[in-house]
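Chains here go by letter, A, B, C, D, E and F, matching the order in which they are written, and residues are numbered from 1 within each.
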């Protein structure tokens, strides 16, 4: 099989303004990937599938990855103009110094495609695409028209990461229910706090349970309930005691 | 011919029907509450805590290092460490768990706690008849319920327990040997120190003596 | 009246009815005295694999039944005609049998025609 | 008592008992008593047989599947059906709010009553039938057709989609297998010359050597018997024709919305229908209550009847344990394109049989025609649908 | 039931006692489970009905697919928040008397998947559970044991009096509200009639 | 000749199968089959629109068993995810273990000792054997047989589960493989027992085939049903026996030769008619091939350690990077995609489930068929919901 660089060259020969970048992978697996520009992705994908030498007819895996905004602190060499008194005269000189800067690298969402060839029995080739940011309406082109196998996987990414795939024939939530608002696989997703009555002995859970209990007792519903109303199958259950 | 395959199938089932009256292979039911298949030795259900000797609290191998609590994938272990210390299996003073809970309504029987435990303190039980109608009380095992003697461990996993015991014994022997060596070393050191000290002392006394001797005349002289 | 065979049938009919209704009445009484029925909109809604049933089940069902029903009717009538013939068959001559054969063959032809026309293709 | 024939007494013991009970009443009431006792007999014996069948089915299935089956409730699990009955009685009866409550209620009752009516004409032993009707066979078929109607009632009234599908399947099945069922019985009527079931039994009486003159031992009779068996399986919704309740496809089919004892009634009625249709096949093809060998005639007739019925039931269970279900279009195709033509052919073969006299030639000719037709039709049927075993290739 | 008790009850009303025994015997001996599998535990549930363990010995191999005809719901596996309304609805559609076995860690508490955002932390937040079987998955024998425990429980339920089970009590609710799927979570997160808020005593 | 060597002709719009039109003026019936349905193999749901009994539209609905596997995997260590992989395809915990271990080993560059490789092959093939047998049993069960084939399959499965239990301690959730080997070594007694069980499987397969293969009802029900064209199968990412039943020679054991599969002599059966019967038969034939591999592996298994001594159980932190590792699981290609950022937890943990992707073409295969057929087609895809929804 061709190396990633060769494939890149082939793509660039076929789709001139493809703007493919090689992303190297430092792990021993050596699966380097190609980053596509979303604008030309469909053409590149079509080329990869139909090129007689490559024939990546089998799209195995489609994944989303969330890269949240991250604060990078780096040491930068800066040159700045400083007014100094040199030889008794005040002048502006350029001086280079090192300083620690904090900047926020803007986050993005990424989609990773793993391609194999069934006809030629080679692979994988890894394709990646990035969104511009992490808002709720980020768009990427869908590769489902090229490979049907992307259909459910892209729906899943839409469901869990919130990437909208343009050109997808049936983009609906797949795993969560219709009407669910969040994107749970994003790294900043906060899941609903429903451990409150969990009877495990973990302290934080117990604390939350206590808080919940206080909240619950303040609600009118709890007051309406007759004391000792049958709970469970007839027997009045001892209110879930955790005692030692 | 139409119907041939059907007849073949019918013969097959008939064979099984008749066979169920004669062959054990064709009547595989184990009538559970009365008959039981012996569990394989490796069989695992939920963890328990091993203790040595007869007193479950004193002999508990667990030193509340909380590794298992951290490594437990579903986070079903909860440990509180004691403030004081008691001697462990080896004899070293160690902390012990004042609280060791396993929520078996969460536990996934993965055995990772056993793998990561450096003290051979937590092992897998093979008792599976734990059904209960008590959602909370019945399914939260505290350290009292979890503690099982080493003999029980030997009973359910004999090979493994023997290995563990050998390992522990070796460790203990090593520790003892080390302790002994250390003790000897300390003794020797102490002796050496003593000797040195004595020497120093003797020298000192000698010098003192000398000095005193020296001094004495002067003192004497002074007197 | 009693010797009439239909009397026995009537008795059996009543008994069969009682065999069904008796336990139902008993079950009703049990529910009345001990185990109260608690109908509620959730319990008495239509079962559809755990979901709320959408749309009505009473729809006009496929028309293919119509053709089958007609063929069925023809052959059932044929069978009714055949039964008296069959009862008398042992005493009949070859000519009468040939006549009957023509009758049967006519129907067979009808079946063959329906078959050839694709009526008997249940898609 | 020297003049008394002991086997004959045992054979007629129920008749004698009835007469004995009736003798306590004024003569005018005696026929009434006879009828009542007969009805009581039917109402008690066949449901008892139902309970046994259910138990044996569950145990038999168990044995076929290498396990025991119910064996804990009572000795050897004998009380299992009783417990199920008690459970069904106390179970809550749910009628969906949107269902047609009247029809929903009537369907099981109609089913059960119609099935019971069928037993009226069934000769369960020598002189043991409730009604000796001239058109007994016709009456029986009329009643068995009613049961399908009630299945449709149940499915339609529930207003459940799965029930509806089940009901529609039941209708399709009924209209397809009613005809072969009737026509294969016509064959017997042709030779026996009567629609009365006792007379059909009588027509099969007698032995050649030790062998009985049952219709199943003739080529046309055997063919009819097989067709009748297939059609009967379909009529009673038994596997592999259990489409109306096809559990793996349409949940529980027409009785999806039935609970409590109404569901139990469906259950009972289905098994009773199965028993009664086994009884009819026994009567038509297996000589009814006649002993299988001439030297066994001392065993009472009712024993033989029930033994043969049990044998049928065993086959039903056996087939259920082995075969997967047919699909609806296959079921219809099989009925209209294989069974019906074959039945019509069999009709003609039967006529030929009568006209060929008593020689051995008629055996050869009718067997040859039927076997040839069977093989031909079976092959073309399978080939036209490209159905058959396959061989497989391996990647190099 | 010991002899003394029997005599006492006999004085009170032999009819009720006999009826109760018959009633409980019938219920206990003919528990038909619902053909209802959720996840991994369902496979062990199937294994329990298979030749090796043979649930049929107890008369319980009649798995009915329709909830109308089933007595026992074996919650065999993880109940997700997407599935929970359906489970509760199915439970509601079963005829009384009905029982629930929560099989496996997931059904009891969410089990190993407890931390998941789509996993219900125990089915007994919405419906009453009779027997819990811990294990992941419990062995088939454990299910059989739980089944026998359920039978014992049925046996101990009186027909009349204050101790009678919920479904014999006209005042007790027969309906268990189906939770709604909200924008972030199920609403309400639990049915307070069956799931009392835990009191924390330490 | 492979179908794929010919130039594939694609219809212009392959994205969605077109819905059929009802006959005449029939009213349509909208039925949801599942999530509680006897033949959906779990909590799967198909929203079908019926014209009579004919399917004219079908929408699969997933997520009823979405257990947040991937999210949980990102929140805990590499090792802690291992027992969770057992619960993906809960029929085949050992192949799941292997796929995950393989991915992590690739990510961190860990070698696996010889004996461990052999043990992995033995366990994976045993898993495949029991999975195929029970999947065929479930298929026939969906066809309406009252459990007999399933019972026979489970009888055999119990024997294999006994082996798993006596080696790994658990019947289903084995949690046996580790990064760099296997958790415990197999005793000679276990190997002997395995040889005995393996020797008994052919008799079972013969019996099973006699019971089923030539049964006319079974053939009539399955032949010509649910045809899946090879071009579509490849394009839709279908893998495993389903793909091979469509006549495409693609077995990852042969293609990637992961583990030590290059040492074994086995063949890949292929179907020519692409229907349900082919899938059923391919599974039975693959079962026979698995037995061949098992015999060879049990003969050749060497001694030695089962764990790479350098491998760490606790505090395992692979270097930053990413990997996609895949194996031929009994249901198809099971892959794990991992991104490491150097911390003890994977940054991204993704499972490529064969069952979910094999369902992509469910709609195409079902449309135009009967209600009775779709349960068969679904059964022939052989899904496990734990893997579909994760």
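Keep in mind that, in the parts below, a residue touches a chain if its C-beta (ideal position, glycine included) is under 8 Å from a C-beta of that chain, and two chains touch if they have at least 3 such contacts.
These numbers come from a predicted model, not from an experiment.
J.: Any chance you could name the chains that touch chain C and chain D both?
T.: Expected: E, F.
J.: How many links in the shortest chain of touching chains run from chain D to chain E?
T.: Step count on the best path from chain D to chain E: 1.
J.: Consider the two chain pairs C-E and B-E; indicate the one with the greater count of contacting C-beta pairs.
T.: Top pair by contacting C-beta pairs is B-E.
J.: If you average the Cα atoms of each chain, whose average lands nearest the overall Cα average?
T.: Centroid comparison flags F as closest.
J.: Taking mean CA positions as centres, which chain lies farthest from chain A?
T.: The chain farthest from chain A, judged by C-alpha centres, is D.
J.: With chain centres defined as C-alpha means, what is the inter-centre distance between chain D and chain F in Å?
T.: Chain D and chain F have C-alpha centres separated by 44 Å.
J.: List the centre-to-centre spacing of chain A and chain D in whole Å, with centres computed as mean CA coordinates.
T.: Taking the mean C-alpha position of each chain, the two centres sit 65 Å apart.
J.: Which whole number of Å gives the spacing of the CA centres of chain A and chain B?
T.: The mean C-alpha positions of chain A and chain B differ by 42 Å.
J.: Which residues belonging to chain D are in contact with no fewer than two other chains?
T.: If we look for residues of chain D contacting two or more partner chains, we find 64-68, 89-94, 161-162, 164, 168, 247, 251, 256-257, 260, 321-323, 328-329, 382, 389.
J.: If I count partner chains per residue in chain F, which residues reach a count of at least 2?
T.: 29, 31, 35-38, 52-53, 63, 66, 68, 71, 83-84, 148, 151-152, 155, 158, 173, 211, 213-219, 389
J.: Among all residues of chain E, which ones touch two or more of the remaining chains?
T.: 23, 35, 50-52, 54, 57, 65-68, 82, 86, 90, 93, 96-97, 109, 112-118, 124, 129-130, 136, 139, 167, 169, 198
J.: Mind listing the chain F positions that touch chain B in their complex?
T.: 76-77, 79-84, 86, 148, 152, 155, 158, 162, 165-170, 173, 175, 183-184, 207, 210-219, 313-314
J.: For chain C, which residues are in contact with chain F within the complex?
T.: 48-51, 54-55, 57, 59-64, 123
J.: Within the complex, which stretch of chain D touches chain B?
T.: By the definition above, chain D touches chain B via 60, 63-68, 318-319, 321-323, 374-375, 377-379, 381-382, 389.
J.: Tell me, which parts of chain D touch chain F in their complex?
T.: 61, 64-67, 161-162, 164-165, 168-169, 239-240, 242-243, 246-251, 320-330, 382, 385-390, 392-395
J.: In their shared complex, at which residues does chain B touch chain D?
T.: 1-3, 5-6, 9-10, 12-14, 16-17, 20-21, 26-29, 31
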